[in-house]
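Presented sequentially are two complexes of chain A, the first with chain B as partner and the second with chain C.
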Partner chain A sequence: MGLDYDISTNEQNFVLEALKQDVRLDGRKLNEMREVNIKILPSEYGHVEVSLGRTRVGCKVSSEIVKPYEDRPFEGIFMINSEISPMCSPFFEVGAGGSGYGVGSNSSQANEEVLISRMIEKAVRRSNALDVESLCIVAGKKCWAIRADLQFLNYDGNFVDASCIAVMSALLHFRKPDIEVAGEDVVVYDTNQREPVPLSILHIPISITFNYFNPNGSEENIKGDLNNELILVDADLLEERLSLGSMTITLNKNQEICQMMKSGGLNIDASLIMNCCSYASKLVDELTEKIHNVLKQDAAVRTNKTEEKELRVFNER
Partner chain B sequence: MSRFELYSPEGIRIDGRRWNELRQFHCQTNTHPNASDGSSYVRQGNSEVICLVKGPMDTTYGSSSTKQLPDSPVLSISINHPAFATMERKKRPRNDKRLTELSIILKRCFLKTIVLHNFARSLIEVTVTVLSFDGGLLATCCNAITLALIDAGISLYDYVSAVTVGLYDQTALLDLNSLEEIDLSFITIGVVGDSDKLNLILCEDRLPLDKLERLISLGIEGCHRLKGLMNDTVRQVGADLLSKKQ
Partner chain C sequence: MSFVLPGNQIQVKSANVVLGPNVDIAPGSINETVLTPTTAGMLKVKKANPQSSLYYVESNTKRYVPQINDFVIGVLFGAFGEYFRISLNSFSPPVLLNQYSFPNASKKNRPRLSNGDLVYARVSAVERNVDVELSCIDATTGKEGGFGVLSDGLVFDVKLAFARYLLFNSDAEIFTQLVKRCKFEIAIGVNGRIWIKTDDIKTTIACVNVIRNSQNWTKEELPAKIEDTFKVLKTN
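After this line comes the complex of A and B, so read on.
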């Protein structure tokens, strides 16, 4: 059983009063995200660490050649492994997201974990962000299996958004070894022999999470007609615990919703939800831009200038 | 593309409905008076669901052992999706992640609708069994749970009614069946009472953002209609009960 995160009444009131006055504890505005920092580890391809304020998530992408599933001979395999270890916060218990939970499980931590992993799964895998058909090598016999392992390093709220950015930037950065197919035989070239090839990514889904508060208490929300709920973007742990509901929207740059979930919590007017969506799409554009910039910078660092010069057909005189 | 014509140029869907028509909705409460404190049966088209509610009861009773929250009830919802409910008799793993997710979503959804302070430190156990599945799993379960909770006498602020809405090209289609659900991207919407406030949204497919508003507004209308139908049944049952007593 993971530890519960207890918040004193004093602290609670302080946060809520501050929110009513449009102030958050870390000085952000209500609709402001924390600083997103994407760090690509220099050692290899597809290893990324994303931090969102104090929330930190690592993602490592790896590949191997395996036999495809029987019922999908033309598709490769893509897996996202997102088990939350107690390392990031004592709030999570060992194995709660794995086989430990039952259908009727009541532990709120286990619930949280299932929702987090399902949301990442739906945002990235179900929305076909990675073109699995391009991973096929020999139909029914061999295909690439791409595996994204998420490591949750520190928990300060909003795992979904951070991991979505981490998985997508790791996938974009990853290069798989070049192969050559001759009939049924496959030759895999070493990364030194041939330049490894990037994955084919169809779109970049980015999640944005909104948290709701009602300054007049949750009962007013059901009985009253006021729509004065406070909406926060990218809540930290304290705010996440205190909030009366959350909604996660996953969008891509083409203005498509890949996944959207609002389960329970305060009842929110449809028009407010539409506002959230359009605001999210603005944030998504910024984040996508940011990911591309980071990748571009990394690509510039990685290109070996001297080797490139040596390989040139003509030399500068 | 699909071999079926999901929406004909004349505006008729596979099962003969128009775009804004619900499937036949039938509901009953108190179907299992001896097995539970509250029960309901909901049929939306060919989707059939039975819901049993036990409680409110002492938390020490029952299988779930959880830490006590001081001022709110423990609500446990489990969904049973047996192999015979679908055409394909696929064996499902016991810990199906999808069903777990749905039950968590439903649980969170009802925790805000039940008048919590009336049921402090008590356990409410909800079991949903899908008898036959034809689209709208989450929506049908949600409606069934609402009715069963009402039947169990658990005070709710208002009805929670849910419905699916799909998008075919430019047209929003209400209350999809499973054939439509496979081919179209859809969202499930849950509304509390007669308000325009959404309690539940679940979208698992890709959907253009600018179509969302249309889907939500159609969904809200569908939910209100369902709420009306459920309300009629509950009132009818109440009137019958009252006339028997006299």
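After this line comes the complex of A and C, so read on.
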């Protein structure tokens, strides 16, 4: 309701001065990301917690069998629920954006929340990261509905990048129960009876957010010809609030741009945007590697060695 | 010192008691000397003066509730009439600072402040149903007393108990270690805000990180961690 973070002129000047000297308040350089920590909760499949510095996001994937949409009988359903609760920061109000409760509300909080939700939706769902056709069971009658619930636990800037990593690693980790189809009848096997099956993930889109500052003020950006905008990766809360514009690029390992969003803010030269893209692709490679490593470690912990030995067709003699 | 919860009864020997923060007289015992804490925390007893002792409960929170005579750091974000509107906490209702609550301020000589300025002030009035008021005049001397606008430097948030600890213990280990490394100017508000100013930006950042992170450091590991923080910034 109009309440916002208090940011003093002192902080504003200090951040800009520090950025000019290529340092940030947490000691990073401009092009460094905060430490990404991906934690898979051991109790179940598809429950992941991602922290990006002090920003923390949880994601839980679940599945059920439902009737597909009338106009898309051969496709399953994939939903991402990303309502931001005030738990992560009083900046976000209950039902301000997200699921469309406060449609009339015009506050900056609501806008921000809608922007975050839309960006995650575009990055993950509309880039066809999850193959929805593989979720079809009986055409027009039954299909899997996969639902990813995001829980925003703490806000210190850059929710989009953190939640993108969270959704993708949760989807990669999730296993749905095995089924058998005989005509129109579907048998769902318990996870103890048959090994559950992973989802078919076509590619791993990862978002990287850049924030822009102009050391000479925003006026220079419009009038002058200098191109010395300061570009920083993975802004924290204070930097995000103070920046003059931001851009989110979603890429995958094959250097395909799935989504790119720059809503307002400073005018940036095309060549600088190209630089951002190539730098983002480097970061995406590292992050993809990291997700795969975490998943591999988790798989090693989960497999029960003795059980596997017993299930083997051949006995070692 | 012991851990207490609201509803506990604290028996006091003598009737000469000064009630500190988070302590109240237990209901129905006006004549007796039974106190009760209003929040969970550690009960502390201090000698207030030769006759009486001060009882208070120390507890840690993140949200600041103004108390009279607290030293606070606020951000100015508006002016109306003869008042400035100051925020002590993000997302909290604003408090007021009278333009005449500055030393030597008069109708002709008003303090010149603009939006976003940081102010170090004392809470001068807390009444129910009335806006909290601040003042930049030292209550005892009527002079400046270190209050006023804080220019340059950097402000950051810490937990309230930590801010109180630093304000009331100027010989805190963290400070004795920090003064060996650099010279700095500091203002501590019990609303969990600390303002610090040093000669250059990297040192300021190092100091901020040291103070903020030292909330979770033990006394033994302090020198090594300070060394690390400074080293990282100097090599960058």
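One rule holds for everything that comes next: the second predicted complex is superposed on the first by the 301 of 317 C-alpha atoms of A that agree within 3 Å, B and C clash if a C-alpha of one lies under 4 Å from a C-alpha of the other, contacts with A are read in each partner's own complex, and residues count from 1 in each chain.
Simple rule for what comes next: contacts are C-beta pairs under 8 Å (C-beta built on N, C-alpha and C of every residue); 3 or more make two chains touch, one makes a residue touch a chain.
Here the structure is a predicted model, which is why all the values come from computation and not from measurement.
Once the complexes are laid over each other on chain A, chain B and chain C both fit without any clash. Between chain B and chain C, an angle of 100 degrees opens at the CA centre of chain A in the superposed model, to the nearest 10. Within the superposed three-chain model, A:6 lies in touch with chain C and out of touch with chain B [touch as defined at top].
In the superposition on chain A, A:283 makes contact with neither chain B nor chain C. In the overlay built on the shared chain, the residue A:91 is in contact with chain C alone; chain B does not reach it.
Judged by the touch definition given at the top, the superposed model places A:167 against neither chain B nor chain C.
Ranked by how many residues of chain A each touches, chain B and chain C are led by B. Contact with chain C, but none with chain B, is seen for A:14 once the two complexes are overlaid on the shared chain. Of the two partner chains placed around the shared chain by superposition, chain C is the only one that A:27 touches, whereas chain B remains out of contact. Of all Cα pairs spanning chain B and chain C in the superposition, the closest are 8 Å apart.
Applying the stated touch rule to the two superposed structures, the overlap between the chain B and chain C interfaces on chain A comprises residues 4.
Listing the residues of chain A that touch chain C in their complex gives 3-14, 17-18, 21-23, 25-27, 29, 90-91.
Chain contact summary for the complex, chain B toward chain A: residues 63-64, 66-67, 74, 76-79, 94-101, 103-105, 107-113, 157-158, 187, 192-193, 195-210, 212-213, 216-217, 220.
Residues 1, 4, 99, 101-107, 111, 114-115, 117-118, 122, 126-128, 218, 221-223, 244-245, 247, 251, 255-271, 273-274, 277-278, 281 of chain A are the ones touching chain B in the complex.
Against chain A, in their complex, chain C makes its touches with residues 75, 77, 87, 89-92, 114-118, 150-155, 195, 201-202, 204-206, 208-209, 229, 232-233, 236.
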